[in-house]
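For reference, the structure discussed in these notes is given below.
As written, the chain order gives the labels A, B, C, D, E and F, with residue 1 at the start of each chain.
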């Protein structure tokens, strides 16, 4: 009987607990604390943290791939097989040794699904391309729940669908009423570029640097979309940094805004915005769709869905669809997006010095974006007859609508009767478009 | 050395080619600036065009400024009760001419702090 | 630096703009105008037009298939390979030349996904069946957003799910109260048959003709379901025609109705309908399910889902499920169905003379269906003691509830106190069943 | 020549065989007619059967004709307010016996134009 | 013309009606009656019965698999092919004869999808592993609607998603206020164990017995999850039994409760429960997640989703997500879960003596669970200073919240002023966790 | 014979090994008992710990006992009407201090039969 308990104990997860797991539980606890008690973007951080908790429990079946062909992960030569047809393998077992053509090193090939080897289609000495089928694994196990949920990130479906909802929630009116604020949204992307440079100096590759830089864009879905493409191994750290700093906007931005502006500039009052008609909004939707997709086809799914959502919203005849986009779609996808980001946050991947560097670079990105937005506003003031209050420049970092609210609060600190909120919404939503464009630029050039 | 090549080299060698990357980022920012600047010009042009063509149409549309916002209909029962209560309270013969939720989508009081709430529902990424 | 801009320009979509694209943008603008300002079924036409706009922007990544095996699209012989293992290919690149066994012509085989050729499994001279694997392409690219969304049409999932919601929104009470109106719904399918004949005379194949004829059924999901099966290349034109003419019912029907009826017939008043109990409605649901699926198993998914939705509605104990069917499910699927129909509407496919023919045949279909419904009502009146107002015959074309409203309006034009709406709902919902049956007949015989 | 064969030939040859197609369509329409006619007979039979068996049941169910429709509950607060308002306005001791949304699913006034709205939500394909 | 009708008749479903079909229609009618007129868990039983109706109509296209590779279903030797490349096959056609290695018998291999054989990759005499590709079938047919919907069960996605909603609907407060009630929820699992033993004695295999035993756990999603893994062929009978008996709890439990308790015990009044704070609930969520997944990693997806839903609910900052979990997600998944369970309920599978045995064993399971809960409460009373009313022990069988309501009603029968409902909610929700743990135990040991 | 082996044998042979299965079930039930027992201990410990640390925090939170439950806001119009009606009815100067839906999530009347309804929405598996 005692023996039976020992037998069962071996089947539990206890023997597989690694030192990283409890550490990550503590990380999750911190994230939960920030989300629940400090209000850091809880809609995203709670699912992310919960996914991370599941990722750091010894339940490999949650994420195991369904059985099927085993593909060569690299371009190289098959040195030797460690298994033969009929063998049963577990997730993580070594199947073969391969010699990487580029680096010349020998690397083990590990199973990503469990089952029985039914076929070996390569023989030692074979030269294999990346993606070439080498063997087949079979079992009746269907693959883990999060394998399926994560398809939404792997297939790059979730970020555009979130953008569908975001578009349905966004009012581009303030931007249309004062088109120059588009430039403020563009200027904030300078922070992205500067962070890219810093990241390369710290040794990150170009794809990694782009993914880190985009944190400064302060657009969660765009950051996830880009890093899933260019640096999937950094996805969890980037997502956590992006959403955490978005919540910290009210702390990060004000000192920078005050340092870069004079009291006189902060007192500038802006004229009320004109009313923008339905037709103007609809034409704008189509214009952005056409121009931006022509310019950066790689960001087509993000921009297309954002503008579809906005068109549905503004056209006034598709209420049912708008409500579903703003509620059901965005809510359901958020739960799945958050948990699938979290499930990639395993200890081995997250407890790296890269994570710390990313967290540091994230502050840099947000600060530089804020600064460049404010400075751009000051530059525009040199030429404009009607001055812009440079406090709205900081709103170019997206983080809709928090950055705009920061502009409002800072403005009222100097003059309680100065209402900047609506003026700041212009650069705020322009920042979303600007970040999508620069993301498209990175994908086009780095893929 | 061309942009793409320089970055590709930098990326592969692992040795960041600072100047190449600087150029790469400059081009990127320039493209963002130019494209959003172009967009601004287009938007301004469209606004002008529409302003020219839509004078008459706008005039019509402003005649019904009290239109009730999307889906914020007040149920008939509540209307009835409001009428009843108002009637009793005021004790004077009168008719309620128009009843509508306070927020009016066409009013231009953008600067009202109250508009904040609209964007509360917005914290979604 | 200038060189860099030129380099980047080559990566944008501008060099890939074809003459069809701006033309299609204009087509989309017309569709948007009809949907937004003229109220033509905006719930469907806005997503369709937006999808069409995306389809006509040079962003092939939006719809690219994920990498995997390359299958022979025809039965024929491999003449020669244009690529070798290790080559990188883009969407649209020629991979091989094949000789079609049936037509004897040589045809190029083009890539539908981008990546590296990892394997060629056929050699020149091989005789290949349709669907036989010839090569394998690999890349880390997951495939485009609309590749995934379009699975709902390719796999014929969306139309039945829309029907689930339609069933949950439909009240078969008026039909049950006067079962003879089923015949009016059946008669309207004569228009489908006549249009089939016209289409074959114009040179369309049987499958194409059936898909065009079904426009006269005035049931969007059924039309999409059928043409996805029998004539996928005509899907966008058929869907656009079906939904546009549905919106035009109040223009197309009245002249035909007036021409075919005398003033005296139009003045006929009908007796109030009796109340139909819950049990009767439930038995009807099950009866239709069993009989229609026995008769046309090919339409089982449409009829089954329609009746499931209706059963949930009428049983009175599954409120939560009914509400989700009527709202969340139908709204979300409508967005995806519309955009996936639109995304197939590329210039090369849509700017064909076939499209014009389909638009012309669509009018024919609607007119013939209207006429045959009215005439059937007049025929029934020859035998019935209690006369039917023949104006309700036109409601057999489905287009629920618009056609029924047209009957009502035409009736009131002669006699403002004649309320035909509820009487017209009978043939109106019967038309949905009739169209599903004839669609099943076409699939069974033409597949 | 059998139906399927004729159509298959027409379809393959690209040359529409008019007579074959005419027969094909006639059969199709006949099948639709017959099946919906059959359905009508079944429906009529069922209605008869139920009418026979359900006399007593119907009698019971008509006793509660004022049942409030699905999910159209009036919130308690509103009821309280209506009572209050009515009470004050009428200044006579009385009790509200029943309060319910206007539309009653069991009433047989099919011909009321007001029923239109029910089908407004219907324009879904 | 008459000949044409005969031709068409052969294409209809009428010739394929088997004797089991009308029998199963009657079974469906009974289920509909129970669900609609007797209120037996209609949210599940209506979709299940409707799915079963569709399963028993001759429409094989509703469930046909999409074309693709044909895999060996067993470990054995290929004896002979019955088809050759280029042949067209229908669902159910014999493709080959294989000799089972284990049993030594020859078995036919039948097609699960229709299309053309494009390739035979095994030759007679070959020794094949289970899951090894033997041939490839191709067609343009995409596979049936319910093939796709059923992926949610095959891939074990639906039960955890239902648990996400259940977690969002569950209040663990009563359990936290009196932690000892966890033991009552654990005790109810004794019924599961006893039923397992009975089932093995009746000749069921271990996997089948576990799936039958879990009916006593009275948790629909857990029962479906477990039997999809261990005994998929019994899934429909188990699901129907589980949901029917849950509805019969108010009939099954009271006699057992009264037989096992004295009047004095039934009169015990319990102290009001203390208030449980938010932090306590959140910590509990994380604790259950960590401990239970460590103990039974195989149930990780069920427990993880249950606790994610509950965390979202209790944290108070993710209202939008909670509402979507409680409504949209659970409603939509319920429709699909129900119908996909129903679609497996074909006559050949359901009209077996096993089904009767399962229905009998289900009563046994519910009774034993009830009894063991009550007895455990009596045992606890031997040691506790503050007595528990043993009537709340029966609530350990989950069936939230029906079992708790039974405790309340039985308590009030003796003393109308004794309110046991909230006290019974503790064991009630504890039973959910207990059943998930024992399900994990079975999966871990029997897979 | 070890547990897993015994069950495996039983399962394969088709001959149920009664004793083996009995042991198998006993171990299973023991594991469920032990784990939920352990959970109970943990829960109890946490409650104690929180009770120690949270005294002050609790004190604060109980100061606002009338907080309106999630999403059960009474629309402004209804409030206005209630005020009006009450005012007219009572004809005495007074101010409504607080208005809130009846169900209060923090009140500890667990034993109220009324709580039943909360769990009505629960019948979901």
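Everything that follows uses one rule, which is that a residue touches a chain if its C-beta (ideal position, glycine included) is under 8 Å from a C-beta of that chain, and two chains touch if they have at least 3 such contacts.
Values in this document were obtained by computation on a predicted structure and should not be read as measured data.
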From the centre of chain F, which chain's CA centre is farthest? C
What is the size of the turn, to the nearest 5°, that moves the C-alpha atoms of chain B onto the matching ones in chain F? 120
Selected pair, out of E-F, A-F or D-E, that shares over half of its residue contact pairs with C-D: E-F
How many angstrom between the C-alpha centroids of chain C and chain A? 37
Multi-partner residues of chain D (at least 2 other chains): 3-4, 24, 26, 31, 78, 81, 85, 88
Can you pull out the residues of chain A that are in contact with at least two other chains? 8, 43, 295, 316, 328, 334, 441, 445
Quick one: which bits of chain E touch chain D in the complex? Just the residue numbers, please. 1, 3-5, 7-8
In the complex, chain D residues that touch chain E: 2-4, 23-24, 26-27, 30-31
Okay, in this complex, where on chain C does chain A touch? 8, 11-14, 17, 25, 28-29, 32, 35-36, 39, 42-43, 46-47, 50, 53-54, 57-62, 66-67, 85-86, 115-119, 136, 138-139, 142-146, 148, 327-328, 331-332, 334-335, 339
Could you pull out which chain B residues touch chain A in their complex? 3-4, 7, 10-11, 14, 16, 18, 21-22, 24-26, 28-29, 31-33, 35-44, 46-47, 50, 54, 58, 61, 70-71, 106, 108-113, 115-116, 118-125
Which positions of chain C touch chain E when the two form their complex? 71, 129-133, 154-157, 160, 164, 282, 286, 289-290, 293-298, 300-301, 304-305, 307-308, 311-312, 315-318, 320-321, 323-325, 328-329, 441, 444-445
